[in-house]
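What follows is a single structure, and I will ask about it in a moment.
Labels run A, B, C and D following the written order; every chain starts at residue 1.
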Amino acid sequence: ACGSDEEADTGSDEGSTGGGEGTEETSDFKVAMVTDTGGVDDKSFNQSAWEGLQQFGADNGLEEGTDGYTYFQSNNDADYVTNMNTAVRNDFDLVFGIGFLLNQAITDVASQNPDTNFALVDDVSEGDNVASITFKEHEGSFLVGVAAGMATESDQIGFVGGVESDLINKFAAGFQAGVEAVNPDADVQIEFAGDFNDAAGGQQIAASMYGSGIDVIYHAAGGTGNGVFTEAKNLKQQDPDRQVWVIGVDRDQWEEGQVGDDNVTLTSMVKRVDVAVQDISTRAMEGDFPGGEVIEYGIQEEGIAIAESQDNLSQEILDEIANYKQQIVDGEIEVPSTLE
Amino acid sequence: MDVLTAFEILVKSMLFASAPLIFTALGGVFSERSGVVNIGLEGLMVIGAFAAVVFNITFASALGGATPWVALLIAMIIGGLFSLLHAVASVSFRADQVVSGVAINFLALGLGVYLIKDWYGAGQTPKIPVPFYYERIPLLYDIPIIGPILFNNYLTSYLAIFVAIIAWFVLFKTPFGLRLRSVGEHPMAADTMGINVFKMRYIAVVLSGVFGGLGGGVYAQTITQDFSAGTITGQGFIALAAVIFGKWHPLGAMGAALFFGLAQSLAIIGSSFPLLADVPNWILLSAPYILTILALAGFIGRADAPKANGQPYIKGSR
Amino acid sequence: MDYVIEMLDIRKEFPGIVANDNITLQLKKGEIHALLGENGAGKSTLMNVLFGLYQPEKGEIKVRGEKVKITSPNVANDLGIGMVHQHFMLVDTFTVTENIVLGMEPKKGINIDLKRAEREVQEISDRYGLKVDPKARIADISVGMQQRVEILKTLYRGAEILIFDEPTAVLTPQEIKELIQIFRTLIAEGKSIILITHKLKEIIEVCDRVTVIRKGVGIDTLDVEGTTPTQLASLMVGREVTFKTDKTDSNPKHSVLEITKLNVKDSRGVNAVKDLDLSVRAGEIVGIAGVDGNGQSELIEAITGLRKVTSGKIELNGKDLSSYKTRKITEAGVGHIPQDRHKHGLVLDFPIGDNMVLQTYYHKPYSKYSLLNNKEINKQAKKLIQEFDVRTPSEQTPARALSGGNQQKAIIGREVDRDPDLLIAAQPTRGLDVGAIEFIHKRLIEQRDNGKAVLLVSFELEEIINVSDRIAVIYDGNIIEIVDPKTTTEQELGLLMAGSKNKAGETENV
Amino acid sequence: MFNQFSRWQKILIPVISVILGLIVGAIVMLVSGYNPIEGYTALLSGSLGEGFYIGETVRQITPYIFAGLAVAFAFRTGLFNIGVEGQLLVGWVASVWVGLAFDLPKVIHLPMAILAGAVAGALWAFIPGLLKAKLRVHEVIVTIMMNYIALHLCNYLVRYVISDEQNTTDRVPESASLKSPFFETLTEFSTMHYGIFLALAAAIIYFVVLEKTTTGFELRSVGFNQHASEYAGMNVNRNIILSMVISGAFAGLGGAMEGLGTFGYGFIHGAFSGVGFDGIAVALLGGNVASGIILAAALFGILKQGALIMPLQSGVPTELVEIVIAIIIFFVASSYIIAYLLQRLRKGAK
C-alpha cells in the first residue's frame, strides 16, 4: 500500500507462521486493539480503528474473539496496561494501542514482551517491536481550512478544541494555515473547552462564536463538539438562510449536521485510522511488520482525507481543495504542525 | 463583538445551560425539604437522559414534532420510578441516605450504559431525530433590545423558570407544601398532627426523581442530543450544589443554577475579550467554580439545612 | 360512672422491658387527673398509647364509654384527645399559626387561607386567655409561649381531653402560675385533663385525683384532697423521701469567683449582661434566681469561656479568666453542669465511658503521648458509675440509651469528680423525679462542704431556696438584690425576679 | 453506621449485601441473555485467576484504600468530602513534580515525593475546611467545585509547568519511584507497586489516629456533637479544618500512588478518574472503619479489574459490575431491613 520500507522483520517470525503461502484462506494470525477511555464506539478514532480491524478480519477470514481479532475497552487510564497484557497473554500477535494516552503503557508492555508486536496510534513510542502510527492531521486540517477560508462570508472562523495538547494543536495549526492560504483576511479564533465531554460548554462556545459573527467552526473536541453541532443546527433551524457551518473531525460527521432538509456540516477532516490499522495488520501478517518505525499517514498515504459527503462544498472549493491537496502531496507546501 | 451581542449571548447561553440544572435542583429541594438527602440527583439525571433519548429515537417517526415533549414526560415517569428505589431504601428501610444516593448514581450509569450496549450494540446511541430547537417567543421577541436577548431560547428554559415559581408556590403557599416542610423539620411533630410522614417523604423523593429525570431529559434533548456514559458528567452534583447554594428554596436554587450558567458563559465569553487574553486558560476554565465559592464565602455564607434532613424517621422514637 | 377515658389493664412492652404492666387509669369528666411516677416508670408510654403513637399489647380503651382502637394520632384527634408532649412538637421555622393548623389547614382555592387561620387562632387564644401572637415564629418566642402553642394545637382540633406530659418542667414560676390559670379555664369550659408532673406541690394545688405508677405497675389511684407531698412521694418511690434537704449552715471562706462590671452580648448582639458584679466564696452555694432570659445563660457562657466578654473582669482565685478559652478555664478549676444535657452535656453517640473523660481525655492517666488509655478511661467510668449510681448496663453503652436522670447523674459525676474550685450547675434537676433530685442536691451540698464554691442557676424557686446559701436575683442582665434564703419567701423572690426592687407592686401578669 | 447493630450483624450485613448484589447481577445477565456463570467466572479469572491479574487487582485496590480512608475520615468527623477526586489529582501532580524536580538519593527523594502528594491533597482540602470553619460554607459545595478547579489546574501544570508543553510529564526517576521490579517479576509484569504497603500502613494509621489518640477522640467528638465538644473545651473550628486536612492528605497520598507507582508520570486528564467518587462507596461499604475499608476496597478492586475481561470471555458488558456495586451499596444502606430479617430468621429458628 504505502510506498515506504521493506525490511524490518524484527521478531515477527510468528507473524505469519501457519499461514504460509495460502493467504486467501484462514490464517491463525491474531490481532487485538486496546481502546483509550473513549471506547470502541466513540464515533471517532477508536471506532475507526475497530472498523479497520473488522474489515481486516473479514478480508482474511478471521473470527471475532480470542482466536481472531478483538478489542479491549479501557474504562480508566489505569486499565491500559492490564488490557495490553491481557492481549499478550491471549497470544495475540499484534496489539494496537489506540490514542496517545496509551504511549507509556505500550512502551512498557512492549519492552516486557519482545515476542509480541505492538502498534501505537497517534504517538511515537520507542522499541523494536512497536510501530508508531501517526497522522498528518495538520494536512487534513489544512484542506478543511481551505474550505473554511473560502466558505466564510464574514471572514471570521472558529476552532474549538477539547483539552489543549500537542495533538489538538496540530489540528489548529494546519487549519489556520489552510485558511491563511486562501483567505489572508480571515481571522481564526481558537478556543479550548478544557474537556472532551462538555457538550454544554461546546454549545456555549459555539453560541459565542456564531454570535460574534463567526460563520464556520472546526471542532476537534469529541463529545464537546456535540454542542457545536447543536448550536449550529439551532441557528439553522431558526433561520435557514443564515450561513452557519461546522467542520467535523476524525470521520465523516455529515449525519451530525442534519437539520430538517438542511445540513450544517460543511465537510469533515477524516482520519483513516482504519486504513492504517488494516495496513499495519496486513504487513504484520505477511511478516513485514515495521517494528521500531514511525509511519506517518498523510494525504498521500490515504490516511488523511476530506469526507466523502461533499454536498455543501461548491465546485470552486472542491477544485481549490484538490489543488492544494496536490501541492501537499507534491511537497510544494509544508503544512505546519504546531501553532506559531 | 459589541456589548449588546455579548450580552445576548451571555444571557442566552446562561438560560440554556441552567435549565437542566434548575429542574434537577428543584427535585433536590423537594426531597431535602422533606428530610431526605439526595446526592443521587446525578443518577436521576442520567436515567432521565437515557429514557428521553431512547424514547425519542424509538418513537420519533410515530410522534413527529411532539416527540421531545412526550420524551420528557417519559423521562419524568422513569425518573420518578427510579427514585422509588431511593425512597424505599431511605424512607422504609431507614437507609443511610447518602449511601443510598451513591447507589442511585452507580446504578443509573451502570444500567443506562449496559442497556444501551445491549440495545444498540454500542456505548453510544445515535443522534435523536427530533431535538428541541431555539424558539422565538411571539410578541415578546419583538420587544426592542430585550426581546432578542431574553426571548430566543429553548422553550424548556422558560419552562424551568416557570416550574421554579410553581414549586415555590406549592412549597410555601399550599397545605401540601406546609406538610412537606414540616416533615423535613420535625417529622415527629408532623406525625402527631396526623401527617403521614412516610407518605410525604415518598412523594417528595419521587418528585425529585420526576424533576431529576426532567432535567436529564432536557439536557439530552437540548444539548448533547444523544446518550452515552459521557452525557451527564457532574451536572447532578452541580445541581446539588445549587440546592444548598440556594438555601433549599426553589427560587434560591433557580437563582443559584442561573448564577452557575452565567459564570460558565462569562468564562467562555471572557476569553474572547482581549483584556482577559493573558489570563491563564485554567483560570478561565475554573472561573465558574471559583466564582461559586467566592459567592458562597462572600455573601451567602451559612445555610441551614432542614433540621431533620438526612435522618430516617422511626416511629415511636425520639 | 361517667368516665370520659378508661384505660383498662394496659400492657405495653418494649424489647426487653415492660413499660406498662396492666395499668388502669380512669379519667372523670371535668377533672384534673395527675399521673405520678419516677423517671422511666412508664407515664409517657401510657399516654402515648392513649394518643395513638403506640399500640398496646393488651388492654382496652374506652372513650365516653365506647370501646375504641386508637391506631394513630389522627384517631385520637377525632376522639377529642389532644396531647401536649414532654418534648415540644413544634416546627421551629414555622409561625405559630402554621404550627397550629398543620394537617388541618383552612384553604382558599389551593392556597392555605392564612388570614382565616390566623383569625381563628387569635379567637381561640383570646377565649382561653393564652395571649399568643399568631404571626410569631416559634424560634422567636419563649418556652412558655411555645407551650401555649401546643395547647392551642389541641384546642384548635377541638380536643375535649387534654394530656399534659411534664408541662411545668421547663417553665418559670410565673409561667407555671399562668399555666395553672389556663388549666382552670379549660376545666371551666368543660374539658378534662391528665397531668404528668414530678412537682408534687402542683399536684396538690390543682389536681382532683392522682394515679401513681411505679416501674410500669399501677400502684393506686386516690383523691388528692387530704394527701401530702411526702405521702405521694413515698408512694411513688416505694420508700420514705425527705424533702427538706439536710444541710448545715455554710461556712464561707475566701472569695473564689469575683465578677466585676461584666458586660456580655447575646447572639443577636444585644447587651444581655450589663455591668454585673457577683462573688462566690469557697464553701458556699450561691443561687441565681431569675426569670428565663434575664442574662443567666450569657453569664454562665461568659464565665465558662463559651461567649466573648465585652468588658469587665471574671476572676477565679485572683486570676482573670475573661479572655481565656474554655479549656483553660476548665483547667483553672471551673466545672460546668450545662442546662441542656443532650445538646451540651454529652456526646450521645459516645459510650458513657468516653463521656466521663470529655474534658480530661488528654491528661494522664487517660492518655499518654497522645495515645488514649482505654483501660484507665473505663476504670474511671466504672468508678463514677458506681459512685454516682448511674444506671447503665455498662460503661460501653452509648449515652443516648440512658434515661435523662441517669444522664444527668453521669454529668454531675464527671464534673464533681474533677473537684473544681467553682462548680456551675445550670438547672441540674430539670425533668427529674424526686429521688434523683434529692441525690443531686446532696451532691451539690457535699461539694460546698468540701470547701468549694458552687453557683446554682435555676428557675425553681423551691430548689433555689432549699439549696442556696445566698440568693442573687438577676433581672435584665444585672444582679439587683442578694437575699438570704432563710429569711425570704417564694412570694418575695417572685416579686424581685419581676424586677420590682423594694417596691411591692402588682407584678401579676407579664 | 452500624452503631445500632450487634457484632455479628456488623459482619453479616455486608456479606449478605455482597451476595445479594451478585445474585441481582446474575439475574440481570440472565434476563439480557448472558450466562451468569460464565460472566462471574470471567470476572474472577480476570481479577484473581493468574499472578498477573492478582497484581493488577492489588494495584487497583491501592488507590481505593486511600480514597476510602479519605472519605471515611471526614465522615467520621461529621463532614462529607466529595472532593477526594480533586485532592487525589493534585496529590498526583505534586508528587510527580517533586519526583522530577530533584535529584536525590532514594531514601530522601521517594519519601519527599510521597509527602508532597499528601501535602498537596491536604492543602486542597484545607480550603473547604477553612471555609466551613470560619464562614460556615457548606463543604459539599466547595469540595465539588474544588474538583473541577483541580482538574483544570493540574492539566495546566502538567502541560506548561512540569513538562514542556507535552501531554504527559517525563517519568519520575527511579529514586522517586514506587515501582517494584520484584512484584513485576512475581506477577508477570503487572503494574503492582509498593504502594499497597503504604495503603495498609495508612489504614493502620487511620485506625490508630481515630480510635487511639486524643486527636481522634476530639475529632470524633466534634463529629458527633459540636456543641458538647465546645462545652468540653475543644476547639471545634480547628478540628473541622484538621479533619479535612487529614482527609485530604489521605486522598493526596492516593494520588501519589498513581503518580509514583501505577503510572510513574502525570498526564493531561480529559475527565475525572472516578477513583475519588468510588471512594465514597468504598468508605460506606466499609462502614467507615479501617478493616472494613480494606475489605471494601478489595471487593471493588476485584470487581473493577475483573470487569475488564468480561466482555471478551463472556460477552457481558463491563457495566454489569457497576450495577452489581450499586446493588451491594443499596443493601448495605438498607442494613436495617437485613438486620430485621436476620432477627426474624433467628427467632423463627428457635
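In this text, a residue touches a chain if its C-beta (ideal position, glycine included) is under 8 Å from a C-beta of that chain, and two chains touch if they have at least 3 such contacts.
Keep in mind it's a predicted model, so treat the numbers as computed, not measured.
Can you list every chain in contact with both chain B and chain D?
Joint contacts, listed by label: A, C.
If you tally C-beta pairs in contact for every chain pair, which pair wins? Let me know.
More C-beta pairs are in contact between B-D than between any other chains.
Using mean C-alpha positions as chain centres, tell me how far chain A is from chain D in Å, no decimals.
Chain A and chain D have C-alpha centres separated by 35 Å.
How many Å are there between the centre of chain A and the centre of chain C, using C-alpha atoms for each centre?
Chain centres of chain A and chain C, defined by C-alpha means, are spaced 76 Å apart.
Cα centroid separation between chain B and chain C, in whole Å?
So the centroids are 45 Å from each other.
Could you say which residues in chain A touch two or more other chains, in rising order?
In chain A, the residues touching two or more other chains are 164, 194, 196-197.
Identify all positions of chain C at which a residue touches two or more other chains, and write them in rising order.
Where chain C is concerned, no single residue meets two or more other chains.
Note the residues in chain D that touch 2 or more other chains, in rising order.
Expected reply: 152, 155, 271.
Which chains touch which?
A-B, A-D, B-C, B-D, C-D
Residue numbers of chain A touching chain B in their complex, please.
39-43, 164, 189, 191-194, 196-201, 203-205, 207-208, 211-213, 223, 226-227, 229-230, 233-235, 237-238, 255-256
Taking the touch rule as given, give the residues of chain B at its contact with chain D in the complex, in rising order.
Contacts found on chain B: 39, 85, 88-90, 92-96, 98-100, 102-107, 109-111, 113-114, 117-118, 230, 233-234, 237-238, 240-241, 244-245, 280-282, 285-286, 288-290, 292-293, 296-297, 300-303, 312.
Can you list the chain D residues touching chain A in their complex?
Touching chain A: residues 46, 50, 52-53, 56, 59-60, 151-152, 155, 159, 165-168, 171, 188-191, 258, 262-265, 267-271, 273-274, 304-305, 307-309, 311-313, 318 of chain D.
Sort out for me which residues of chain C touch chain D in the complex.
Listed in rising order, the residues are 304-306, 325-330, 336, 338, 343-350, 354, 358-359, 361-362, 367, 370-372, 398.
For chain D, which residues are in contact with chain B within the complex?
Against chain B, the touching part of chain D is residues 1, 28, 32, 80, 82, 127, 131, 135-138, 140-142, 144-149, 152-153, 155-156, 160, 271-272, 277, 280-281, 284, 317, 319-323, 325-327, 329-330, 332-337.
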